[in-house]
Structure formats: C-alpha cells, structure tokens
Amino acid sequence: MIDLIRGHYVYFFLAGLFLIGLYAIMFKGNLMKKIIGMSIMQSSVILFYVSSAYKDGGTVPVLDPRRGVENPDLYLNPLPHCLMLTAIVVAVVTLGVSFAMIIDIYRNYETIEEPLLLERLKDEA
Amino acid sequence: MREASTSPIIQVAIRGLMPVIQLVGLYVFFHGHYSPGGGFQGGVLLAVSVMLGRLALGLEMSQVVFRSGIAVGLSAVGVMIYAATGLAALLGGGEFLNYGFLPIPGLDPPALRNLGILLIEAGVTVGVMMALIAIYDEIVESRTESSVLATFE
Amino acid sequence: MIGPQICMLIPVVYLFGALLVPLIGWRRGAAGWGMALAAAAGAFFFSLGGLAGVLQRGSLSYHLGGWMPPIGIEFVMDPLSAFLEVVITGIGLLAVVYTRRSVEHEIPDRLMPFSSLALLVLTGLSGMVITGDLFNLYVFLEISALAGYALIAVGERPASYAAFRYLGMGTVGASFYLLGLAFLYMTLGTLNMADLSRMLAVTDVSATVAVGLLLLFMGAALKMALFPMHGWLPDAYTHASSAATALIAPIGTKVAGYILIRVLLYLLGAGEKGSGLPLLSLLAYLGAAAVIYGSILAVCQSELKRMLAYSSIAQVGYIAIGVGLNSALGFTGAVLHILNHACMKASLFFVSGGLRLRLGHSRIPRFTNALRRAMPWSSAAFALAALSMIGLPPTAGFFSKWYLALGAIEQSRWLFLGVLLFSSLLNAVYFFRVLERMYLDRPGIEPAERPTSVARHEAPPAMLLPAVALSSALLVIGLGNTWIVDRLIGPMIPGGM
Amino acid sequence: MKTLNRILLLALGVVLAVAVAGLPPRGDIQAPSHLAANATGAPVAGAYYIQNAYRHARTPNMVTVILADYRGFDTLGETLVVFTGAIAVLFILRRRTP
Amino acid sequence: MEESVSSALPLFAVGVSLAAVPLILWSRGRPNLREFWTLAAAFAKALIVLALLPEVLAGRTVECRLLEISPEIALHLKADPVGMVFALVSSSLWILTSFYSIGYVRGAGEKSQTRYFASFAVCLSATLGIAFSANLLTFLIFYEILSIATYPLVIHKETAEALRSGRQYLVYALSAGVVLIAAVAWTYNLSGTLDFRPGGLLADRAFEAADLRVLFLLFIAGVGVKAGIMPLQSWLPAAMVAPTPVSALLHAVAVVKSGVFGVIRVVGFVFGPSLMKTHGLDAILAAFAGATILFASLIALRQDNLKIRLAYSTIGHLSYIVLGMAMLVPEAFSGGLLHLAAHATTKIALFFCAGAIYVNLHKTEVSQLNGIGRVMPWTMSAFAVGAMGLSGLPPVNAFFSKYALCLGTVEAGRLPALAVLLMSGLLNAAYLLPIVHRAFFRHGGRELEGHGEASAWMVVPLCVAAALSLLLGFRPNALVHLFDLVLLGTRAVFPESVPFAGGGP
Amino acid sequence: MHWQIEILLLVILVVAALTALQLKNLLAAVVTLNIFSFMSAALMVSMGAIDVAFTEAVVGAGAVGIFNILAIFRTTRRTLD
C-alpha cells in the first residue's frame, strides 16, 4: 500500500485534476469557466506525461559531458517532454480559437452563460 | 487595447520591457540547441513583446512597430520555411525532413542536422510569433457592438 | 514507379496548399481558392497513385527524416489507409470545387480563410489516416479538429455556439485520447502502431492497458459522434455554412471511425485478444442505439440539414455495428459503408447547399414540386442519394447493408439485423417525406396558387456537378462493389477474422 | 440527465483510479518506456534518443533534437496547428468594417 | 443438369424498356413521339422474349451472366420455363396495355404523362428482371426496383387520397423488401449459394426445423406483400386510386404476379417440395392461401366500387396460385403456373373494361352500371368473358387452370383445399356475374343516351385480351406453347413424376 | 527531488483549479488559472522537465494570460457560477 502510494501519488492527484476539469466542462454554465476547465484538463494530461518521464537518479535531458550518454538511466526520458511541448502548443491554440468563438457568441447574444444562451436561442427559433 | 494606455507607469514599463523581452526571445531561440528553449518559446516571447507594445501604444501607434495585416501571411511564410527545409532534404536525395541530405556542400551529416534544426526552429519562431500576433490582432480589431465594452468597468 | 514517398506527398501537398492560400489569396480570395483546388487535385492524384502502389506492391511505409519506425515517425499506407485516402481526397476535391459559389453566397468575403481551413481539415484527416504513429495521429487530429471548429463556427447566428460545443466535446475527446495514449505508452513503451501491436501480442492485457484502450475508444467515439456522444453534431451541421458541412460531414466522422478500426481491430488484433475485451461489443451496441436514435430523430426534423445531421448519427452507427461484429463480413460492410456514406452524404449536403443558394432556405415544409422543374438535376441527384441512403438496390447503400446483414446473420446477432433493417424503413420514412415534397403536388393548394410555369433555376455547375457526379458514382459503386470488396477491402481484413 | 452525468463522471474516476494504480511506479527505471529494448526486442525510443542525439545532430539538448529531427513531423504539425489557429480566428472574427 | 445457352437476349429483354426511359423523358414535349417509344419498346420486348422461346422449349435455358455484385453472386439472368411463362405474359400484355394507356391517359386528360410512361417502362424492366432472375439476389434487386418504380404510378393523381395510398404502399413494399433482405442473407449464410435450383437450393441439406420455419415465414412475408396474401393485402385495394391501366397491368399482372412468382420461386426453387413436405411448411402456406381466398371473395361481394371489387378478386386469385404451390404436387404446380397466365389475361380484360367505363361514362360504382351493356356492347362482352373465366366456367382459359388446381388438391389429398377452391368459384360467380347481368338486362338511366363505345385505343386492347382468354381456353398451346412451357417447368421441379398422367386438358 | 515540495505543489494545483472554477469574477478566475499554470510549471521543473516547464511558463504567463484578459475585455467579467 505504501509502495503504491509512493509510486503513484502524483498520478492520483493528476487523475483528480483531470476529473475536475471534466467536471467543469460538463456542469459549469459559463463558457469561460468551461474553457478554464478545458485548460485544467489539458494541464493534467501534460503533467501526466511529464511525470511519466521521471527516473530516479536521472537528470535533465541535456547532455552532461561528465556523465556521457552510454547509460540512458542517467537522464530523464526526453520523449514525453518533447511530446508535451506539442501538446502545450495545441492547448494554447485551442484556447485562442475558443476565445474567438465566445467573443463571437457574445457579439451575437450578449451573454456567455449557457442557460441564458439556450433561452435566447429558443426565442430565436 | 485599441487606444493607447493612459497610465504613464504602464507606458514606461512596457516600453522598457519590450526590447528586453525581444532580446530574451532571440536568445531562447538561438540557444535552443544547448538549453531549454527553441523556436516555439522564442516565438511566443517575441509575440508577447509585440502584444505588449500593442497594449501600451494603442492600435494606431503600434502599427508603426508592426503592421497587423501581414501577420497571417508571415505566419504562413514561417511554416513554409519549415516545410521547405523538409522539401529541400527531399530534393537532396533523402527523406522528407531528413536534414542529413540538405543540399549544402561541405558539411557532414551531424553538422547538417544541426543546421537543419536551426533552420526549422527559425521557421517555427516566425510562424508562432506571427500567428499569435494575428490571433491577438483579430481579437482586438474585430468589430463589436457598442454596448460590449461598456460592461467592463 | 510509385515509391513510398507518395504517402508523405498527400498531406504535404495539402499542407503547402494551405500555406500558399493566404499568400496568394490575400487580395483576391478567388486566387486562393484556385490554389486550394490545385492542391486538392494534386492530393487526389497522389492518393490514386498510392492506391495503385498498394495494390501492386502491398503496404508502403515511409520513414520521415530517415529514422526507423520506433525511433522516428512512420507513414504507412496499407490497403485500409490507401482506400480511405482516396475517399478523403476525392470528396475533398469535389468539396473544394463546390465551396466557391456556396461560400461567396453564404459567408461573403471569407473565401480565402475558408479555402485555407478546408485544406487544413484535409491535411489533418489525410494525415490521421496515413500516419503510423499514435502521437502523430493526435497532432493531425488536432489540426483537422481546429480547422473544423472554425469552419463550423461561421454560418447562421447560432453557429458559433454550436461550434463552441463541438470544440468542448472535441477537446474532451482529444484529451481522452491523449490520456489513453499515456497509459499505453507508460505500460508498453512505444508510440508506433506496428510496434505497439506486436507488444500487445506478447503481453497480457492488463487493466491499465484496457483502460487506455477504453480512453482511446471514447476519444474516437466522441469525434465520431457515436451515440450517446453525439450531442455536438446536429447543431454543428445545421448552423454551419453549407460548404463547411459538405466538407466535414461526409469524411470527418468517418476518419474517427477509422481510428476505432485501427485501435480495436489492428492494434489489439482481431480474434481472441480483441474478443477478450468487451469494447467491440460495446461499440456494436452503441452503434445499434445510434442507428435507432438517429433515425427516429431524423424523422422529426423539419430542416433538411438537421435531418441529414441526425441521419449521419445513424449512419455512423452502421459503421460501428459493422466494426463491432468483429467478423470479415461485418468489417467489409463497415468499410464499404464508409465509402458509400461519404458519397451519399456529400451529395445530399451538396444539394442542400444548392437549395440554400437558390431558394434561400432548406426547410422541408416549404419545398414544393416547383423544385423538380426549377432544379431537375439537383432533385434527381438528391433522389438517387436518398434511395441509396434507404438502401435500395442497385445503389451502393444496399450493398453495405447487405454485407452488414450477412455479418449479423453469420454470427446470429439478430438484434443487429433487426436494427439494420428497421432503420432502413425509418430512412425511407424521412427521405420519402422530402421526396414527396420535391416531386409531388401538395393536395390542398388551390390550383390558382400553383405556379403555372416555373423557370429553370438550377444550381451553378460548380455546385451541381459534384452532387450529380457523386450520385451517379453511387450506382457505379453499387454495381462494381465486388471489385471494391475483393480487390480493395479483401486485403485489409485484419488477421484473425 | 445531470445525475446520470454525475454517475458517469464518478465511474470514470473509479476507472481512472484503477488504471493509474496499475501503471509502473513513477521513477522506476525498469518501466517499459525507459528500457533500452522492449519485450519484442525492438529498441525503445527514449533510451535511443539519449544515447544517440548528440552523435546524430551535435546538439546537447536532447529534447530539441527529438522535437526538430527525430519527430520533426510532429513539430511541423504543431506549427501548422498554430497557423491553423491564426487562420481560424481570422475566419471567425473577421468582419469587414463598413 | 439442364443444358444452358449463353446469350445476351435476356439482358436485352430486360433492358429494352429501360433504354426507352431516357427517350421518353427526352421527348416529353412531343406526346406522339413519346408514345411511339413506349410502343416500340413494348413490341421489341415481346419479340425478344419470343426469340428466347425456341431454346427454352427445346429444354435449354438461356443465361446471361453479368458482373458480380457480391462475391460469388452475380447479377445473373436466366430464362427457364417458369420464368418464361411470366415473361411471356407480362411482355405480351404490356403491348395491349400500352395501346390502352394511350387511349386512357388522353381520354382522361391525365397530367404528368411523361412520368407515367417512364415509370411504366421501368416497371416492365423490373418485372422481366424478376422473371429472368437466376438467383435470389438478382431477384431481390429487381423486386426492390419494382417497388420503387410503382410508387410514382400509385400516387399518379397526386390527390390527398393518392398520397396516402402511396405511403401505405411504400410502407408495405419496403417492409417486404427489408424482410426479404433478411431472408436472402440468411439463406446465403445457410447454404452458401443463392442460385435458384429446380427442386430447391436448400433441398439436400440438414437444417434446424425451427430455423427453417422462421426463414420460410420471412420469405413468405417478403413476397407475400406483393402477392397480397392476407393479412398483408391492404395496400392493394388502396392502390386502386392509380389510373386504371396501372391497376390493370401492375395490380393484375406485373407487381402482384411478381409476388406470386416469388412464391413459386421460393417453393419450387429455394426450399423445394421435399424439404417443405418434411418440415410441414406446405401446411402453413396452404392455410394462409386458403383463408385469403375465402376472405377476399367474401369482402369482394360487399364492394360497390368496381375497381376495388376487382382488386379483392385479384387477391383471391393470387392465392389460388399460392394454394397450388402449397399442394406440392405436379398437377397443382402446373395449375398454378397456368393460372398465373389465365388470371392475367382475364383480369386485365376486366380492368380495361372498368377503365373504359370510367373514361367514357365516369362511372366507378357497380350500382351505376345498369344498362351500359347496350351502350358499350363490345366492352361489356369482354367483361362477360372475363367474369366467366374467373368464375371458373369453361371455355375460358381460367377454367383449365382451375381444373388443374382442383386435380392437384385431390392428388395431394387435401380436401379442404378443394372445398375452398370450389366455394370460391361460387363466390366469384356471385360477385362478378351480377355485374354482367346488370349491364345487359337492366335498363340504364337517361344519361347513357348519346354515349357510345370508348375510343378504339381502349376497346381494341380489351377485346384482344378477352379473345386471348378464350383462345387459350380452347387451345392452351396456341401461339406461344404456354402449356408446354408449364409442363417443362413442372418437370424440372418434380423430376420423378409426370403431370397429368391421367390425361390433361 | 523532494516529495514534500511535490505534494505541496500538487495540493496548490488542486486548490487553484477549484478556486478558479468557483470564483464569480472571471478576471480573478483567470488570474488564478495563471497561478495554476505557474505552479504546474514549477512542478515540471521539480520533475526535471525544464523544457516543458519553460514553455508552460512562457505560454501561461505570456500568451494565455494576454488572451484570457483580452477575451474577458471583449465579453464580460461577471458570471453566475
């Protein structure tokens, strides 16, 4: 049990964060809050990868001439880091596009609260 | 936003900050081979410096620094630099993006790769910087109903 | 001589096209559109070449940057992806031809970004199909998704809200996908599909791997709008511009279906490993629910595009059922239906866009039989595609249903057989409703109110021809389906079936 | 509907917890993604990168090498995503000022 | 195994009317030209079918294998004796109907005539396709095409009633198609082939009895809708809103006979008599058919609308054929085939008469027909011939088919079936002959004055139909060797026995 | 690596996430989100992912921060939940 917690506590926290983000997307009425939820969810996935790259006794994946590169155990796994750079960029851009959308929504309906918005949509239809 | 900020503190702070951020951005980009950083981070920093300029100087003045219409096109150019590097490798006889085959004489494959990485990082920097600026500009310049800005006090 | 580089050329051609569009079309949108057309045509050409190459020499594999697969990214063109590439690029080409007039009419002044985004969607979709690396797939997925959100966001007034919901769901789906991929990567240590499937073959499927696969499944299902994760689709398709719908609806959800096929049948391997997990059954049951739900709701709609959107939900269900049957016949039916439905839906949406251009609306209750005289070819294309949707022989739609039915019977899955057949009746109900209005007099209208002569007012050729071409293709596909099934689909049936 | 969603969320939480508990412990150098070769004998990317990045590209920062070279197409895609974002925002918000 | 000849003729027979469709559509502005195409196609079709006849009579089948439409299943046309009977009947009657249609639509001033003729041509193609299908999938395809092509004809008037009937028709037809798809797919799964084989493609295999029974019910439900087997018949009276030529050809010959022909194929060529007997499937079929005959005749008695009365009569007579199939003896089988032809000629004559009366006098109800025999003597004489035939009176051809059917019921030892046939003969007489009586022996009202016969376009075809009925009654083998064909077909299905060993008609 | 610091950071992350979702003032919410992002960057540093951390910091503080505020400027600052 202790081993499980020691080896996995970060993962549990991050799974929790993922759920918090998902919760916000599902249940929050304000579109901005949904976007915040989205950010949280994406961050949790990013952290997930990053923590998976960790090795006990490893150092940052930049060549250290004193250590050499023969033993890969001396460096953290660089692959997840690289992947997450991409994921962060994607997250940012998604955010930018979603902002454009809520600005457009606000321009058309003068609200970004989902319940109000649905009401106005129904009135319009 | 659209108008220049009226607060002198912001004016001065941002004007002082802009070149520093730009310098850091360029450093981050060029030093990406050795330390954390690279094209994307450099691009974001450069973009942020321009955005801060926009915030401080207002829409009209900042056009002198950087005209907003050309950002998207330049962003395409940035990505194109990247893709063209890949294509050049293809024409040099290797696979797409295989920098070892870049048609530049006198360099061994590792050096070519080093150079290739620099080239594409440059592409990324330009692409990201311009794209972010474009997003900013579009958000700021898009027409709004008059009532919208009034809600923000 | 068709080398493996042809795999890489398809997305790269789209990519260059998308980049050149803003540069060329900055002042004049039409020039950008011309660039898009050229790129789409080029990609179609290359995908045909790729298909020919795959038929001649088996799977093609291209190592980007010259790195061997587990190290670098690999593009793989096997029969399945070559086939889907042709579908995507073909529909993409027709859609690009179609968009110009439609965009100029519905969302003026935005032809340039539209063309660029259209190519970006196609880049993403074609890349997803062709890549052999699961993370690279995610990147392509995001490219196509982002461009898709944007395309959906412009149209009628509620479009941006519909697109926002699409974006929310899409982001959740992508996050699920990424998280699932993290689980797989952490337990199996690789991102390459071929490598991963070899690893799965030698290791036990642990709970973590199962959950990872489940998350991939959910991510793909969200993108695919599989019931009950379809919430974003009807609004998105209804309110977006016709051109955007015509581009995204026929191929967008299918490519998500492709991910499911890849993950569930190829990665996991059909047969005993696959049947150990209940994912395939789950897929089939969700598909059945989707078929019934989508069909019933389609019957209730009065807006043509919305009806088509619900029908899309149902049709995706067919594909899900076919994949979930986990048999060669079901798989054949599913893949054939991907092609058929792409053609049918594209044709139907093309026509609905033409109606919006000429009539200014696409509300079913307001159709009159003046349509058949004003727009005879559009009406005919619509009718043919509708008959195919219902599944009447000898159109293509019949044959995918035929294979699915054979698959269901083979496994004695009577429920799915019943669902398939019942839904074609429902399809008939909602399509004949439209056809009746298009072709027949409405009783109850005084003869005096009837238009005596209706001027021919057909959609412009660029919008009409794609629809007519696709509708006629349905007949060709239907009659030539054996060739497709034997030569194209046969080689892609996963081992173990 | 809302309750159903809550139940689904909870179920997802349980599923995630189970899955997470089955992952290799964090920091374990024996985790499959950190090994030099996997069960089928194929090289594992992470270790290969560490050992070869400098040799191949004379660049000490391994992440940069992976980003730009080994997985260069990912990064091209990433840049394209950024570009997509720019075009998307342009498309959504552009209104010709009258 | 039977000999077969490869030839494209069956394909031409199917395709010739399809080829006429674009021509008809193209010449929509010129009615004369348009109808020329229809007639040309009709004659061409009949000639092609006749050209097939010698080979088939010589005991060879004429095959035309087109492209494969599903692995190992081709779009395959084959002219065998049974198919030839149906093809001959429908193609020859199309000529009559074409002439009649021209008179009818012009006389009644129908709109959308182009659509009418085009749909008609498609229907005929599909009918011939059904007749010549060599396997179940081909059959299914043409069956569905026929369903759809008939729809525009049913709703032709585009009134609210027509639309309602059209919807009803579609629901029935498409449901049937769906059920048939299931049945065909299942058959394929069970046997690995779909090729029709005399004696049954499922015959020499072992199956679960329950499976087989469900499969059979699916088939019967699939083809039974078109064949008007109760309780699936209600679309047929409703579809009588269509113009009379449509009712005449499609609802007396093409569409409903396709259903019955489907039953023949299912009984003789899919399941086969022996398999049906072992699993007791014949009893199911016979029960449905018998009930349908009685109920349809009873309901027909109460109808006042002439066309609807004829429609119920059609339902009854279709089930004669089905009942014949269910007997599983050669005599009844040939009787059924003969009745397929006999009912076609007689019923088409009756419908033509009803249409002529409508166009000429605008009368649709039986009760309005007093005395019209004096105004339209030719028409009503033809009607009398048809009515006699359907009542089972000699010397009309339907007498012989009915006789053969009765013979078959005795042979099979199913006396209830015999009783049903005889009773229904009486009922038929009871609802048809009074019309003749009314027409000739009662005095009509004043409004009949000044009216004569309908146009020759209509009267000649209906007289020809009646004459044909009589001719075939005297000489069953006249003109097209119908009787020989029937015998050939029967022998193929029942190889051991010789039908009419005790002397046929 | 110090697990105490890590747990502290993780708890801050969760708290920041929940706070950002609860705040009625959107401006405050996005600022809290910036804190969240900064803390996650710190966590990444503690796990040795300096590249990612740097990117996250640049993006979270720079681009996303500006976009967030911009979006709130263009829409509204208050929220019902």
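Order of writing sets the chain letters: A, B, C, D, E and F. Residues in each chain are counted from 1.
Here is the rule we go by: a residue touches a chain if its C-beta (ideal position, glycine included) is under 8 Å from a C-beta of that chain, and two chains touch if they have at least 3 such contacts.
Bear in mind that the values here come from a model prediction, so they are computed numbers and not experimental data.
Participant: Taking contact as defined at the start, I'd like the list of chains shared as neighbours by chain D and chain E.
Facilitator: Chains that touch both chain D and chain E, as defined above, are C.
Participant: Which one of the chains is closest to the middle, using the mean of its C-alpha atoms?
Facilitator: C
Participant: Which of the two pairs, B-C or A-D, is linked by more C-beta contacts?
Facilitator: Taking the two pairs in turn, the one with more contacts turns out to be A-D.
Participant: So, what's the distance in Å between the C-alpha centres of chain F and chain B?
Facilitator: Each chain reduced to its C-alpha mean, chain B and chain F end up 23 Å apart.
Participant: Between chain E and chain F, what's the gap in Å when you average each chain's C-alpha atoms?
Facilitator: 78
Participant: Measuring from the mean C-alpha position of chain C to the mean C-alpha position of chain E, what distance in angstrom results?
Facilitator: A distance of 44 Å separates the two centres.
Participant: In whole angstrom, how far does the Cα centroid of chain D sit from the Cα centroid of chain F?
Facilitator: The answer is 20 Å.
Participant: Give the residues of chain F touching no fewer than two other chains, as numbers and ranges.
Facilitator: 50-51, 55, 59, 63, 67, 70-72, 74-76
Participant: Which chain D residues sit where two or more other chains touch them?
Facilitator: Residues 16, 20, 23-24, 31, 33-34, 45-46, 49, 55, 60-61, 63-64, 67, 69, 71-78, 80-85, 87-90, 92-94.
Participant: Which chain A residues qualify as touching chain C in the complex?
Facilitator: Against chain C, the touching part of chain A is residues 18, 21-22, 25, 31, 34, 38, 41-42, 45, 48-49, 52, 80, 83, 86-87, 90, 93-94, 97-98, 100-102, 104-105, 108-109, 117, 121, 124.
Participant: Which of the residues in chain C come into contact with chain E in the complex?
Facilitator: Spelled out, the residues of chain C in touch with chain E are 387, 390, 392-394, 398-399, 401-403, 405-406, 409-410, 417, 421-422, 424-425, 428, 432, 436, 439-441, 443-444, 478-482, 485-486.
Participant: Quick one: in the complex, what on chain A touches chain D?
Facilitator: 3-4, 6-8, 10-12, 15-16, 18-19, 22-23, 26-27, 51-58, 61-63, 69-70, 72-73, 75, 77-83, 85-86, 89-90, 92-94, 96-97, 100-101, 103-104
Participant: Touching chain F in the complex: which residues of chain A?
Facilitator: Touch residues, chain A against chain F: 9-10, 13, 16-17, 20-21, 24, 28-30, 32-33, 36-37, 39-40, 43, 46-47, 50-51, 53-54, 58-62, 76, 80-82, 84-85, 88-89, 92, 95-96, 99, 102-103, 106, 111-113, 115.
Participant: Per the contact definition, I'd like the list of chain B residues that touch chain F in the complex.
Facilitator: Residue list for chain B touching chain F: 1, 28, 36-38, 40-41, 44-45, 47-48, 51, 55, 132, 135-136, 139-140, 142, 144, 148-149, 151-152.
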